[in-house]
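The next part holds the structures, each set out as structure tokens.
Two complexes come next, and they have one chain in common, subunit A, joined by subunit B in the first and subunit C in the second.
Right after this comes the complex of A and B.
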């Protein structure tokens, strides 16, 4: 049985990628199970989807702890423990990352035995117009890596799964899927089903005993604990101030921010708590002075954020 | 539509309603069920499906509307999940008492508190004593098949009760599997229109339904009639399964068997997690353990005879409950024990495990260990107390959460008491 996981962020098309690959396997005569996995998160949060494909009916269910192939659309997730990209990877597995960082560098950076493959640069996640292709490219590359899906089948699977879109978009996606497939040719078929060991492992069972209700009630006593949930990890676009345009009206961005992460410093300059800003871009749309811009997160993370002029722009400005 | 297609459990549920020709669909959204009513709404909007969908302001009103609609003789479909089912619980019992047929799909999701999105069967089991029939699907295929069978049984003049078809959240609801969609032209053969003589609602034929009674005598009569109708539904269900097999070529039974013939250790499980047990049975068989699985497809009415037939004469029976009756243990284990009590060739041991709560996985290692404990229990003639499938690593995770939450009463080592 093939066990394949797809990692991306909500909104990046991992569910569709898994469905295209699932449909392709199915057309090739495999039994298939495909599913996305999401929780209470939203757009931008790390999510994954998975595909199982086998020649006999699939009885296994739920998430895949030991994948043969892991496809990663967004390389900012690889090092993020919450995203679980590296979970269950062993020397048998293939880790395919869409990244400009070469495989050798990933190998050094990550403590994994998995074989690492870099996916062809056929989309730019930061360009919204290209996002629609992500699913097709990721599915096309995965199809080739398994070596079990033909080009025609892949095209047909893209057509089936994107049936709601216009013909032009479908054609573009088929082309991109096939291009990704062809560019992976040197790795064709390297992802193979792992042999399953039927030696029962120890269960690790314990007998759960009674705890006092003060401990056993699902209550949180830690004050202000929601700050520990770093929702900033969901961000794909980062709002950045251009303080030369900001008039310190100091209520528009702060009032509209649905997460209350904009505050004013002692001189009235707005600041954003990037650990918790989800990157919804509401503030960018609302600022009357156009003093906030949305910057790609991957790029912004490498920059120094502008600091407010001090202490008062009118005096400091020439 | 005679091709096998990849379809989610929610999609299969929507197809079930569409193929059955549901005419009235009172609805209310809740995760992970919403996709069902969105799909139906989409079809109705595009003119691909007839019928009328109405969004109500709660599940309580939704089930009331469903029962009222059914009383007028239209085919009614509705769906909910978890807290939603509980919110409508008063009316679930009520419409069963009205003796009206309808099909409600429940997408199982663990109950609050603490709140979760993932599945177990405490929601659907809360409806166990409502008078509604209850069918537990294990695959996406079974979802669509069970809905058609449910309508036929529910509308049968000998039954006339609401039916609930249960499918597990995430594991079926959002998971695509290959499904044979029944041929729409054959559905009419299997599921005729509702009998207009049974359900007449006309100005010239007024009915006061759902009246009040005072005194235990009349009350007992009506309640016991509902019980008798439900009991008799086992046979009606069996007949429907035979007919379903004849028309569509897929065979079902109140209790589904997997490698039961010569099985010595028999697992009993319901719902999609039972396919994990099937997998484990196959793997244990490969190692020489004579394992098997008995899976109640029908929970209400309780198929007592079929359960006895499946479980008597075995070395040991292992019930894995994906639910928990607080202060009792697994519900299914209790039902199985009551069916086996006093039977001449009752199994050597009856073991109970609780697992899969809130979607918690059950591993092959755990099935293997349960089988091993069953062998030991059968040999010693004594079953261990019911065990929660729970590991040291899981407790460690909870202790970490409790530490973060500043929960009171953690020992200095953070180990708690267990």
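Right after this comes the complex of A and C.
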């Protein structure tokens, strides 16, 4: 049975990618499961979807702990433990990363036995209009890596799954999927299925014991404890202040930030709580002085963030 | 006429935020923006009653962004939940088990699916009983939490997960403001997170009143409406400037428009930035539907001029 996991961020279309690959396997005569992991994750948050495919009915359920193939649409997720990209990878598995960083460098960084394949981005990842095609690209690459899906089947699967969209968009997605498929040609069939391990559960009643209410639903009395949830992990772009242009109208960025993560320090300089900023870029769009810029998160994470000028400079400011 | 607001300008808006970050709302959520702004003014002495919807994910066990309690109800019954809490608080007060300073403002928080549709009956009943509560509606014009299916608040011509072809939704957005005002409650207002000053003044006013009070917040939704999250505020401002979302109040039995946009920005400017209306512009422009939408807005504001004599 093939077990394939797709990792991306909410909005990048990993559910669609899993559906395209699932449909393609189905058209090739396989039994298929495809599903996203449903949860409270939203646009930008790390999410995953998965596909199982086999020649006979699939009895296995739930998330895939031991994948044959892991597709990663956003390479900033690889090093993030919460995203669980590396979970269950061994020498059998193939890790395909949509990235500009070469495979050798990933191998050094990750200390994993998995075979690493790099899918170079086929378009500008920062261009929002282009991002919609990521799902087709990832599905196309995965289709080739399994070696069980033909190019025509792939096109048909994209057409089926994107049927709601206009013909131009569908054609565009088919082209991108095929381009990714061809890009992976030297690795065709590298991802191989593992034998099935699922056996049918014995039929009959299973009694699940009940926990006492104090265990099952303990009262939480802490206020505002959602600060422990680090939504900063959702960010693909980071808003960065250029304090030399900031005129300290902190009520603009501070009021419009949906999450309330922009606050003013004692001198009126706005500061961003990067642990929680989701990277929506509303502050960037609303700043009247254009003193905030959106920087790719992967790059920004390695920089020292600018700090507000010292109080001396504050006095010099108008 | 109305008492002077502590918010005379944007500079007076709260600088620290009461609603904790870390909630699971989408990046750029216009609903979260409005609710956070409302909570900043309303304060922590509140108890929230939340019907099923996007904001259910505000408080995912064991985490909460609120300073006080939160109760989760079924989609149609949040005002009934509010009644129970209000009664319990009143009983505790009458038995001197809590002091006046320990009393809480009961706040219902639901989306448009509940407010415009499933929960309308229980809301109507709560007003009949003159329930002392504040009802905050984040209206993102569809069942956003489940993938933006059509709701009674979806505007004419928008495509949704359940209206995927033709012009999209053929019906018109329900006029909830008028339905609520017809009950003659204490207060009804429309707000939007992109106009935080107008919003803060309305919350401030609602806070001083008792009885049924309503804030309907149009909530630009990057995920459901199809736009880049950074445009959330820009689209919100365009909703007001184009006249598609009138900022108004029903107070002291009178209808007041807080801002009459003059001249109206063509509604196309508001629509064309949203994926849910893209079919009205591509592959060819649907002049008829666009004129129809514009005509509805023009007719509304012509009525306002007649009424207010502005």
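Definition applied: the second predicted complex is superposed on the first by the 276 of 318 C-alpha atoms of A that agree within 3 Å, B and C clash if a C-alpha of one lies under 4 Å from a C-alpha of the other, contacts with A are read in each partner's own complex, and residues count from 1 in each chain.
Here is the rule we go by: contacts are C-beta pairs under 8 Å (C-beta built on N, C-alpha and C of every residue); 3 or more make two chains touch, one makes a residue touch a chain.
Not measured: the values here are computed from a predicted model.
When the two structures are aligned on the shared chain, A:280 is found in touch with subunit C, with no touch to subunit B.
Contacts of A:266 after superposition on the shared chain: neither subunit B nor subunit C is touched.
In the superposition on chain A, contact of A:254 is made with subunit C only, not with subunit B. In the superposed model, A:186 lies in contact with neither subunit B nor subunit C. Looking at the shared chain after the overlay, A:224 reaches subunit C, while subunit B stays out of its contact range.
Of the two partner chains, subunit B is the only one touched by A:214; subunit C is not.
Across the two superposed structures, the residue set of subunit A contacted by subunit B and also by subunit C is 40, 220, 222, 225, 228.
Residues 19, 22-23, 26, 31-37, 39-40, 58-63, 198, 200-212, 214-215, 218-222, 225, 228 of subunit A are the ones that touch subunit B when the two sit in their complex. Partner subunit A is touched in their complex by these residues of subunit C: 10-11, 13, 15-30, 32-33, 36-37, 40, 44, 57, 59-68, 164, 193-194, 196, 222-223, 228-234, 282-283.
Contact residues of subunit B toward subunit A in the complex are 6, 8, 113-114, 117, 170-171, 174-178, 272-273, 275-276, 278-279, 282-283, 286-287, 359, 361, 363-366, 368-369, 387-393, 395, 402, 404-410, 416-418. Put simply, subunit A touches subunit C in their complex at residues 10-11, 40-45, 128, 164, 166, 168, 220, 222-231, 234-235, 250-252, 254-261, 263-264, 273, 276, 278-282, 284-286, 294.
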